[in-house]
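Below are structures written as structure tokens.
Two complexes, one shared chain (chain A), two partners (chain B, chain C).
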Partner chain A sequence: MRREPARTFSDLLPLLFPAAMLVVFFVIPFGIMIAVSFFRRQQGGFYTVDFVIANYERFLTPFFGDVLGFSLFLAAAVAVCCVLLALPFTSFLAGCSRRVQVVWLVGILAILSLSEVIIGFAWSTLFSRTAGIGNLLSALDLMETPKALLPGFGAVLTGMIYQALPFTILLLYPSLMRLDPSLLEAARTLGASPMRGFVSVVVPALRHTIAATLIMVFVFALGSYLLPQILGRPQHWTLSVLITDQAIYQSNMPFAAAMAVFLVLISLALVGLVLLVGGRREAAR
Partner chain B sequence: MNKRIARSGIGRRTFVATGLAGAGTLAMPNVLKAQGRSLKVGVYGGYFKESFDKHIFPEFTKATGIAVESVAEPTGEVWLVQLAQAAKAGRAPADVSMMSQVAMLKGRAIDLWTGLDRARIPNSDNLIGKFINRYPDGRVAGIGAVAWYITLVSNTKVYPQAPTSWAALWDPANRNRLGLLALVSNSFLLEVTAKTFMGGTEALDSEEGLLKAFGKLAEVKSNVRLWYRDEAQFEQALKSGEIPMGQYYHDVTGLAAADGHPVRSTFPKEGGILDSGCWALSRASKKVDEAHVFIDYMSQPSIQATMSRKVGTAPTVKRSLLDLSDDEFASVSSEIDPIVPRYDLYQTRSDWLNQKWTELIVG
Partner chain C sequence: MKGSASWLRRGYMALIALFLAAPLAVVAGVSVNEKRTLLFPPRGFSLEWYAAIFTEAEWRDALIASVGLALLSAALAVIVALPLSWFFWRRIAPWARVFQVLGVAPFMLPPVITALGFLTFWATGGVYGAPWTAVISHAIFFVTLPLVTISLGFSSIDRSLVEAAVTMGADDRTVFRTVVAPLIAPYLVSGFAFAFVLSLNEYIVAYMTIGFTMETLPVKIFNALRYGYTPTMASVSVFFVGIAVVAVGLIARYGDLPKLLGAWTGEER
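Up next is the complex of A and B:
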């Protein structure tokens, strides 16, 4: 299908509504946030309208660098794990009968409807010493005495993967359904094992989808704020947790805004970089 | 101990931390049919507001003819930010609000509170002096509404013997067993450290003293399993024994114990942390007369006693004026000299303290 360039104004009309929504609900609030990030913090009070860079200065320290680095690392780890888990699963699902697919998809959508709070508390119970899976493992003699599996990085990662996995599957599902099954059949006919066929045919054919999914799950995970608090130790708190502390508990809007602007810019830059690298490779082919 | 109130899942001081459910509640305050005079009163959402709606406000309306429209107020400084923004636009989402001490200070810095006339609040003479909140120029910014204690709590199954001192938090035997509040300005652990190991909270006057307290506090880190912002998170773990010791609110712990959970609240020998809320009037409110009537009503010893019995808060009125029995008083308060938070520090050094604190627990 080829895209026709818009010729008249009426061709552009359908775009006006989404454009207006984008301006009202994204561009304007983000603009306000940028403005606030340059306001002067009034200690023990609120802020005064001004143009200072102190909020950014305070952020640019090794301490916040570490927190930012950890947040990015965590989001990337969640994205990679989710795609690694979801790709084989979704590919398997795409080969199932319609009925089986519907049952699975309804179940997956049901998980997606759970709030972060419920997921967090459910996993904190599952990982607890008194009521958690430690008791099960101990009954099976796999663990000496029931131990708490949280707080820790593993608990945070598990909770976040659980939250993001249904989202990942739903992102991959349409492309895998559209994938021509004859590609895989051809590979099999030529003697490739199912594993080999999957890795050297399905994965390359879906590279754009996979890249897009990685980016979307990364951004989805980057905003996580409750799970690191419920399942992790303070060193596993993401930048979003510290932003909330500043905005809600310290009423330091300028600093919270500066951190948020920085987080958005960094994630935009990373997404841009991925697209750029992807585009280069594409051009080189 | 008599059963004071119905429970609700949401902690009053961390209302918003559980999600943005607060926004919906804020938008739809529960409107009583106003017959003539009325007043909008902000109190912490959750079981706090429920108790006030049930036990306190109807009696006030009966006595004065002023209808109360109660507004669920989120905790922290969220409500302060909303009140301040609304006041700039000349609106008051609540006329009178119950505000924590740190929020009172920040509101004072921007002149948010209408100065109150104590001649029109004769019952305020009943209050213990420190519960009258003043502007630096002497105007009255707020009148003490209720007080509450944060104490040393423990699970009775895990600790058959009650701890006696805050020093228990530092005991190496309690490794990975504590739940503490996550913020410098609501845990007041610097004050606890100063009172327990440095002779008193005056030790925090200098930066040197503060750094020393931070240093001592760093030793507690390996004992802490949970730094909580959300009350429900710790309460559950305390009841089950998952996290068997920590700091928590005396009133809620008492309720949990009364419900049969194996928990206890202990006033350590260094004292419990005494925190309180003030009634304060937004400068955008036009209900100045009604507000004075309301605050005067709430400062009566009999109403303060009712709040202690029904809401579980400690009275701001002098003990001698109250008809609370010794048992009733002991269930909400203690004769041990309390640890009074250094609210001044959270104004003059708030950002520095916050930064040091975050580096301490995250780093």
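Up next is the complex of A and C:
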């Protein structure tokens, strides 16, 4: 059966239910959120209808600047660390037999689907005084008394790398599977060490994929919400945490909505950049 | 030379495996402590905390709420995704691609945005906190997964099979029942399984829609975590890791995981 253009109304019927669901429960909530971002805050209630830009003006305060700066810095650090760790790993994985690959992929997907709460709890246990790394180091006489390694920046960063690494691997996986293995073999035949061959052949061949992956992981890390709360101190809170805090605990929906709109714009701009990189690559072929 | 490369490969992969497994192994260790202590290596051995998931009312209720939510929302996500993917496969309608973008968008944006959108929406509609609002919210939030897997299923159908059926006089309905449905069934199940596992583990949308009226398991763990440690959170975490591994393992067993993942990122870009 060939694909045919939709001509009559009955041809469009199957589209009706999904389209209605997506418009009513995604587009409209989104629209309401944008509208609320211009409303006025009402003490004790949700909001009063109005048109003010006061919620956006609060972006100019140093407090917001600090949170935004920290969120972007943290997401960038997570993205860079994840790509550096995942790139060699995924290229090794692509060289494994299919059976081994499937076992790894099951584990990676299982960890990717784990709740942020569970990841946060697991790392808080591993960094705790009585059940964690501190305990192990002290048993090996490397640390005098067991110490807790959290809360702190290192703990937040580690937890977020753990959360984003499976995602990074899955983003890189298809490109590395498609990469012609003879490229690396040629480099090795010509006398390059495995490391040198990797850096001078694999990395340049995948530069568009690497750029796109960095951005996607950056956006993914921007969404991390529980780990900064479980593993960090209040100064490690990110924009995602601040949005929830304003919406739920300060009941300032308009300000929360304005920050969410801002976060959408950052994310869309970055995703657009990925599409642009992808489009240019298509055009180059 | 070959030997050193293979040594490097094994060593590096083992390090990543250690990094990925260590926190879960420690949680599994503390979950079998005999007393209510956070100790690793564990003192004594007891499976009491695994039984507590089902015997303590607060944990059991949260588990039932989570499983119910995940089953219903994954089913609804599939019901939304199936006609949409069928339409893209059957019709030429470039303008309809906008619905594909809408289906993928919630998954690509930071989750807090979608969660806040649902919060304002349900609050404006005056139904904030009703359990069914979470079902719809999760279904929309995770519709991307069945949409991607089912679309992949359609794209792998050999169109000449369908042509043959049409030549023999089959209409759309018959073609769907006899040719299309059996071929896409594994992709449908994969999409359902992915949406189910992710819904089970999801925190922020569940928290912002029904967080004050009902506790799902992730919400329950986080609330309990504020008051310190209880061993049930360790056992329930291990239980959830088990569910995720079984679900993904089943997808791998009945589907083609490398192909599914290859197409997955192809779709995303």
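By our rule, the second predicted complex is superposed on the first by the 236 of 285 C-alpha atoms of A that agree within 3 Å, B and C clash if a C-alpha of one lies under 4 Å from a C-alpha of the other, contacts with A are read in each partner's own complex, and residues count from 1 in each chain.
Keep this in mind: a contact is a pair of C-beta atoms (placed from the backbone, for glycine too) under 8 Å apart; a residue touches a chain by one contact, two chains touch by 3 or more.
All values reported here derive from a predicted model rather than from experimental measurement.
Once chain A of one complex is fitted onto chain A of the other, the partner contacts of A:Asn252 are limited to chain B, with no touch recorded for chain C.
Judged by the number of chain A residues each one touches, C leads among chain B and chain C. In the overlay built on the shared chain, the residue A:Ser128 is in contact with chain B and with chain C. After overlaying the two complexes on the shared chain, residue contacts for A:Phe63 are found with chain B alone; chain C is out of touch.
By the touch criterion defined above, A:Leu265 reaches neither chain B nor chain C.
Of the two partner chains placed around the shared chain by superposition, chain B is the only one that A:Trp237 touches, whereas chain C remains out of contact.
Judged by the touch definition given at the top, the superposed model places A:Pro151 against chain B, while chain C stays out of reach.
Of the two partner chains placed around the shared chain by superposition, chain B is the only one that A:Gln42 touches, whereas chain C remains out of contact.
Using the contact criterion defined above for the overlaid structures, shared-chain residue A:Leu273 touches neither chain B nor chain C, since it reaches no partner. Using the contact criterion defined above for the overlaid structures, shared-chain residue A:Ser115 touches chain B and also reaches chain C.
Residue overlap on chain A between its contacts with chain B in one complex and with chain C in the other: 46, 115, 117, 121, 124, 128, 130-131, 230, 248, 253.
Looking at the complex, you find that chain B touches chain A at residues 16, 18-19, 76-78, 80-81, 84, 105-106, 109-110, 182-183, 185-186, 225-227, 229-230, 233, 237, 240-242, 346-351, 354-355, 358-359, 361-363. Of all the residues in chain A, the ones that touch chain B in their complex are 41-46, 58, 63, 67, 115, 117, 121, 124, 128-131, 148, 151, 229-230, 234-235, 237, 242, 245-246, 248-253.
On the side of chain C, the complex with chain A involves touching residues 1, 4-5, 8-9, 12-13, 16, 19-20, 22-24, 26-27, 29-30, 37-40, 79-81, 83-84, 86-87, 89-93, 96, 99, 102-103, 105-106, 108-121, 123-124, 136-137, 139-140, 143, 159, 162-163, 165-166, 175, 194, 197-198, 200-204, 208, 211, 217-219, 221-222, 225, 233-234, 237, 240-241, 244-245, 247-249, 252, 257-258, 261-262, 264-266, 268-269.
Every residue of chain A that touches chain C in the complex is listed here, in rising order: 1-6, 11, 14-15, 17-19, 21-23, 25-30, 32-33, 36, 46, 85, 88-89, 92-93, 95, 98, 101-102, 105-111, 113-126, 128, 130-132, 135, 162, 165-166, 170-171, 173-174, 177, 188, 194, 212, 216, 219, 222-223, 225-226, 230, 240, 243-244, 247-248, 253, 256-257, 260, 263-264, 267-268, 271, 274-275, 278.
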